[in-house]
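In what follows, a structure is listed as structure tokens, so that the remarks can point back to it.
Per-chain residue numbering starts at 1, and chain names A, B, C and D are given in the order in which the chains are listed.
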């Protein structure tokens, strides 16, 4: 399916592809810390959704930079932790954030506007977005693949339920394609200066729907990136942002393998238990029975607690 | 014109209007600093554009809170500044930011999505936006009044030029109205669960154009608010965000009159001169001739410099 | 002991005490949300350590403001959560941060410089500190009470061990008192302009030790305050900052009782489990045996895990 | 003088010097943007004050990264600005901050505690400071050179006046040296575990004065660094922080020469004029007379205005 979409709409033009290859072919010497995994990734566009991508433009630091910063802070105090992996796991486990802030990454992301609007809520990052006041947007819209065209969940107000079936799915796809096509035709017609004055771009853009693609440079430190990934590379996140977060996870795993492994264990795969939940855990281990009624939890909370214990 | 738009689409329902009146009728005693100008404003919706508004939900501090914070910092050192107005002007002139951070305001804003996208770039604020994942958006779209329907500027890539004339204006308005109406009809059709499953809201929203209205609570301290107002209550800002900033200026003038007067003099009405520009000013005052060529400035910079000297 | 220290050095002068009483006696009407618990607290100085205090200068919002912001975001989506308490607990459990950012508090804190240096690492707050460049610091130093005069821990590089005994304790207290007294005498002698020029204050202050008291206005939103309290009202925090955090916890409990109860259950009393730890929990509940060797945890991690299961 | 201090207290040990040389001797290839000026600087310690230094640990981006980010934002809209220098000057002149945020630098700084306390007020940066809870501080104190030992200013509460003369200067230096020496002796005596338990490090540190040296890793983006430099590489800043800012200016000039030149012209060498001041400038150029009385400015403001016109 992905392959089919890709063929239908390569996210990069030939000219862009050539630029990337040119950029990748240039190598210079540096005295800075170098992450081999990131060097391999640099500039290459990793496709996400039908026309989107993520690519690494620059980075600062590696696993060792985290260790180095921690050792500046804790001096002799870190000597008893025998190795880098142990120290990084210790920092992650005890919520030490500043050593992870010492690494920085700059990504070039192409993404639908409705995804960009979720993404930007993470404020501790630097952003340069393509401006539709200055420039003309491209005719590129996100159209969901049929296996991601889901109905509203009937149990969760913010979630998706079953896949749409046959005719309904076809009807939705037709609407999305036609409406975005017409909106773009009219956008072009309004800004055209042939035989008319031509509407200001900053006004004409208001006709474009939220599935149009935008792009930006997004620069963030590793601590805040982990926070983003914990929330967005998660089953509760909307699919269309989660696929970006999943792709970035792969990049981070190549960049700082030790830190990413600790993140997976303590954050992504970890769980936060309330005082009440911990009390239940202690009773369960002691062989006592616990029910929702005796747990002190609400029904929703109890359901989530049961799910946690059942996982694995 | 504004009146006509208002009649055509009151931004508040009767139920909302009653809620506001009920909230305004409740008064409690407090030991906190109270700004009479803000008490008068509280909860009332001030209309902006055709369906938007700004209203004050809460505030903290007043002019005196700025002075108080400055006196904590500078202790006896501020005694020589004889009065509050002088001290506030001194702080503004010398870019002391922290005393202004001691005041905070929480606004409820209803605004088109493309305006929200500009606004959110100011990251040092707290935001709770209406979620189109959870809830269904209302059928309300910004349609520019004819006297704001401008052509693309031919001299400035991010600006507007002359007003669109007769037929072209009519054509544009027709497109904007029809496309947003159709997009909303289809949005409703896709999420409907009558006789079908109903598309997930988080997907259906992607069909809606950028002139649909959203709303949020926006909380910001006075220093960062002034920064926002300097950039957005400015001739270079897009008209559709400037009208919000202008309305907020009136609110701030009622809230912290001394601080706002200092802001007007030093920031909003002030000018930043480069070292080269200052050199030219000194020569001009001494009666010497200066031209663009001898100024060391580029053509664009020289034009801006000339405009500064001509103002008043 | 506290009483004795208090008698020896009341943190407030009579003039300050009168100012507080005068401020507390003034009441005005307001349309804003009012928290009765905070009104009761306003301006009163709550003593911390020997000469320090925390007092509330201003606040914005209450439990209801959190609920209100959440309902703006989630609209109809929150209707199924039947009451405010349930909604606040839901928000806390699922790491929704922005509704808690809608409340703000401004505190006046007097604290030793070495505590201030830890405190300021929490960057998302607004601060106006007393300036020793402009003004002369008071002769007030933190001298630990004997029951907090502890030896370096032999197991934890950043912790305290047993209490110092008899002679050693006396020797330490003598040093701390004499050195700070002499440092202050010399500070005064250097800045004096009697019979000499008098050293600049910005230079003279460098002679003063880190147990001298400073003071500041500290303004922070509730979400970031909870983050501060989770780290500082904690057994791992240094005692001298923990007592401030503990005092602030009492204030917050009076301010936003529902939010504070949720914070206590999910954050302060809660626990974060790694993926490995959750795996062990599942096995233990199933009656299987787990050892450090089979857990995949390091010795330190296992020790912490065991402690978690033993608590209660 | 500097040389003499340097001889008296080299900021780096031989072991540290060897580590730096080893780090500098390693070169790897990278696909990232490389700034030759920074490569030359990397790891080398540039001495500041008697025992302090600044050294570059890592960096991201160069002048071209600023241009690149601006071109992402403004697309075709930037084509009319013919070259990189012109575009960077345009961005600086119009307060575009986000392109400058795309560059990042990580510095290792050794500095007296009272300087660190000023520095840390700039909150938009990442910091890892040496922890005196975990580790033992070195016996290194800032003692001002005689040509920086100034009296309190009689006109400016936060400034310095004339140099201290003969006996008074000698007396001050004697106090600073003796008090810091004694404080450190007692610090060592308290933490010693020979024949006693040994006071916890987190408590013992409170005896150390504010001229003791600390160190940290400080990571900041170029926009926020420029803000720091505008305030701290300035005649109004305290000398002891200004020398750090001046040293960093030299580093930035090597890193991003075009951006630094624009910063010098528009920020460092530029001036902010109030609306009232601009009105006076217009009158003066027109040959009209203006006095403080007719200017609408306060005496202090007028004095500053006169100074601006006289500079050059």
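Convention: a contact is a pair of C-beta atoms (placed from the backbone, for glycine too) under 8 Å apart; a residue touches a chain by one contact, two chains touch by 3 or more.
These numbers were taken from a predicted model, which means no experiment stands behind them.
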More contacts between chains, B-D or A-B: A-B
Same vs different contact residues, chain A with chain D, by half of numbers used: same
Distance from the mean Cα position of chain B to that of chain A, given in whole angstrom: 30
Inter-centroid spacing, chain D versus chain A (mean Cα positions, whole Å): 36
Interchain centroid distance [CA atoms averaged], chain B/chain D, Å: 34
Contacts with two or more other chains, residues of chain D listed in rising order: 74, 76-77, 98, 121, 127, 131, 134-135, 157-158
Of chain D, residues touching chain C in the complex: 112-114, 117, 120-121, 123-124, 127, 131-135, 142, 144, 149-153, 157-162, 164-165, 168, 171-172, 175-176, 179-180, 182-183, 186, 189-191, 193, 196-203, 205-211, 238
Touching residues on chain C, where the partner in the complex is chain B: 23-24, 26-34, 39, 42-43, 58-61, 65, 68-70, 72-78, 98-99, 101-102, 104, 106, 108, 126-131, 134-136, 215-217, 219, 221
Chain C - residues contacting chain A, complex: 74, 76-77, 80, 86, 89-90, 93-95, 98, 121, 157-158, 231, 236, 264-266, 268-279, 281-282, 284-285, 287, 298, 300-301, 304, 308-309, 311-312
